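Please read the structure below before turning to the comments.
Chains here go by letter, A, B, C and D, matching the order in which they are written, and residues are numbered from 1 within each.
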Amino acid sequence: MAHALMFYLFAALAIAASLAVILHRNIFKSATFLAGMLFCLAALFVLLDAEFIAVVQVLIYIGAITILIVFAIMLTTKINDEHKEQFNSQKFLAPILALGLLGLILTIVVKIQWTTAEISPVPSDILGLIGTALLSDFIFPFDVVSILLLVALIGATYIAKQEDRKPLVTEVDETGEHGDGKVKHALHAEEVEH
Amino acid sequence: MDVILGLLYVVILFSLVAVQVLILVFMERKVSAWIQSRIGPNRVGPWGLLQTTADIIKLITKENIRNIQSDKVIFFLAPILAFVAPFAGFVTIPVAENLGIQDLNMGAVYVFALGSSMVFSVIWAGYGSNNRYALIGAMRSAAQMISYEIPLVTSVLGVFLIAGTLSMREIVALQESGTWYVIYQPLGFILFLVAATAEANRAPFDLPEAESELVAGFHTEYSGMKFAFFFLAEYTEMLVACSLMTVLFLGGWLIPFVDNSQIPWWIHIFVFIFKVYSMIFLMMWFRWTFPRLRVDHLMQFGWKVLLPFALVNLVVTGAVALWLKS
Amino acid sequence: MEIGLYHYLTLSVILFAIGMTGVLIRRSVLSMLLSIEILFNSINLAALAFNRFLYPATVTGHVFVIFIITIAAAEAAVALAIVMIVYKNFRSLEVEGLTSLKR
Amino acid sequence: MRFLIDVFKGLWSLFVGLGVTFKYMFRKKTTVQYPEIKKPLADRFIGYVKMMYETEGEFAGHTKCVACMACVVVCPVSCIQVTHDKHPDPTKKRIANDFILDYTKCEFCNLCVEACNFDAIIMGHDYELSFYDRADMDMILVKDKKYNDDLYAASRRQTGSEYRPIIAPREREIVDVINKREHEERLKKQAEKSPAQQSE
């Protein structure tokens, strides 16, 4: 009973939060709602007896990825520009398409008879099992992911650090000057001093 | 029934933490006074003991001021999250052999996860106040916190490697017979101490709220009760960090070289509290000794010194553990 | 009614549809990034639900989720670097404007 | 290698710093418990304007101020108000009846004291200038020509121990010498004048 109650509560919250993510005009609040949705999902993971994944979700998704996105938001977009058009021309077509897809997958999900007759208890030492699995059965994907992370790290640093490339903007900004010289310093103030 | 019991736990824990924070604030003022050859608060109550109580009463009865253009909801939620996140970390910390609310299977990681979600409260505070100083302070603070989280977690991995478990209670039990993990992991302990100080935004890493540079960083706009919550959050975070240190490195409630099963549980509690308070004293001592870091040095220190040492520590620990095993 | 696999899968599919809508209708690159995170998480939920209800003795679903989270972190880092450079060059993050690799 | 040496040197320096502050923890405390214990002030301390009164002679207790208005004129913030009356001493023309100083304006610039030709006001050693009421800050230094103990106490919190403040001792000496000389000259003049008057 408690399980069902918790499930419906967090499911409703997750759906509401994700709707807020895609519909809210203020992008900072969108990111905040994303964190809320991730937290609800972490709660659902606990209901699914995956406490470790729930903790990792909070630690990495909320604590690192969402914060990174918030940083990018702060550094680029004008947050309070709420009167701007936020949606593109597909805003009526896309939901229909998504609803169609939803119906399709739901039909498939319902049609299939999953063999869930008995729910056996989960092993107690799930953490040890994950560790063993990562370093035995999944050692190759594990290595590939490690290398991918490293490559992404180097690549991201390389892309973000191209300060000697000239900014290509030539539009006139408010002061009447060309944007040329002024664009650089904001993002790369700390690199200049080295 | 469970719900009522849980609520009871929360209320008890909250009052305990609040009292601890009162004591800690008083202790901080006294330690700072001694280091600067002063006397410190000595007027309100006997030996000035009621000084912090008076301060808190003043903060609570203060008018609640809010910038009219600030974001109401986010502005309100930020101090609450800032306090709740470290407060919830107390759930897993074992104070004595059978004392502690819940021993989670991955207790330590749970505490770190809560610590990482604290960053959000800082960003909320900065954004919600609609104030540039607050926003700059918040961004600095967030950058600092996510940078120092990595060495913080990496430095304790050695302990987990030796212990082979993430459960706090088992980690303490493994340190019976005086083999504290600080002996096996001195480097890890130092790194954890430094990173935890930075994580709690304490001096010398208190750039986010640098009084002389940024007014008060992300809580510039906060006053009264909400400010009190941020204050509470800082000290709670310190308590959690020091409790973690005690559990992971200093043998929790255990007394070394003594048969601990013969000792009554209330002595264990006192031993635990004594250890936690000595670590807190160390942190306060840091605060009143070291000058504040410059912002670029802060990042350099985190990434170029702490992280490499933490990784080296981890690799060496792993290699030695493997060698001993084979 | 007992909460079973169907419930979790339904929730997962709904979240997936919402995420997809978000990717399709938003103009800003960052909003699309947020929607992609929703997509990732709906997959995580499905993986964990399958693991819990079909093969509870193994941890394959958990391992998958760990990989997905790792890749999401890498993706976020690279995407944000690209967002930075795009913003530097175009002063805007709207997808319609980003039709050329160079301007 | 150099990096490692730097790191260890840095670590060592931190320990040294901790040692220094640890030593300071057991030093003698330098706090002065203020309201109970007061540090002696420097002689030149500029506090609170004080009125001087005649201490001897026929008119002891009367103010020295003769309402020449020099201080009123020189005051940069116009914080002094003086009303005057006829002086009971026939050799002097006027005497201050009310001497009111507005401390909300006063900036302790010492100009009035320098302008005073009769040594009637002086910068005292009182520095506790906080009040509960704005009206208290209009301080009445003289009322009805004479020093009035009650009035004086009421107009401010009496904190200074000595009524007659010490300014820099050397200056005090010079002032005393000058005063003495002037007094003698005045007496001499009087003595010269009076026989002449008598003779006339």
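Convention: a contact is a pair of C-beta atoms (placed from the backbone, for glycine too) under 8 Å apart; a residue touches a chain by one contact, two chains touch by 3 or more.
Please read these numbers as outputs of a predicted model, since none were measured by experiment.
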| message | Give me the two chains with the most inter-chain contact pairs. | response | A-C
| field | Most distant chain from subunit D by Cα centroid | value | C
| request: Can you check how far apart subunit A and subunit D are, centre to centre, with Cα atoms defining each centre and the answer in Å? | output: 71
| Whole-Å gap between the CA centroids of subunit C and subunit D | 77
| Distance between chain centroids, defined by C-alpha means - subunit B, subunit D (Å) | 53
| Quick one: subunit B and subunit C, Cα centre-to-centre, how many Å? | 33
| said: Using the touch definition from the top, which residues of subunit A touch two or more other chains? | reply: 52, 56, 64, 66, 71, 126
| query | So which bits of subunit D are touching at least two other chains? | reply | none
| task | Would you pick out the residues of subunit B that each touch at least 2 other chains? | result | none
| request: Can you identify all of the chain pairs that touch? | output: A-B, A-C, B-D
| note | Listed in rising order, subunit B residues that touch subunit D in their complex are 33-39, 190, 285-286, 288-290, 305, 309
| message | Give the list of subunit D residues in touch with subunit B in this complex. | response | 7, 11, 14, 17-18, 20-22, 24-25, 27-31, 33
| Residue numbers on subunit C that touch subunit A, as the complex places them | 1-11, 13-22, 24-28, 30-31, 33-35, 37-38, 41, 44-45, 48-49, 51-54, 56-63, 65-67, 69-78, 80-85, 87-91, 93, 95-96, 102-103
| query | How about subunit B: which of its residues touch subunit A in the complex? | reply | 74, 104-106, 109-110, 112-117, 119-120, 123-124, 127, 135, 139, 142-143, 146, 149, 166, 296
| query | Mind pulling up the subunit A residues that touch subunit C in the complex? | reply | 3-4, 7, 11, 14-15, 18-19, 21-22, 27, 30-31, 34, 37-38, 41, 44-45, 47-50, 52-53, 56-57, 60-61, 64-66, 68-69, 71-73, 75-77, 85-88, 90-91, 94-95, 97-99, 101-102, 105-106, 109-110, 114-116, 119-123, 126, 129-130, 133-134, 138, 141, 145, 148-149, 152-153, 155-157, 159-160, 162, 167-169, 171, 179, 183-184, 187
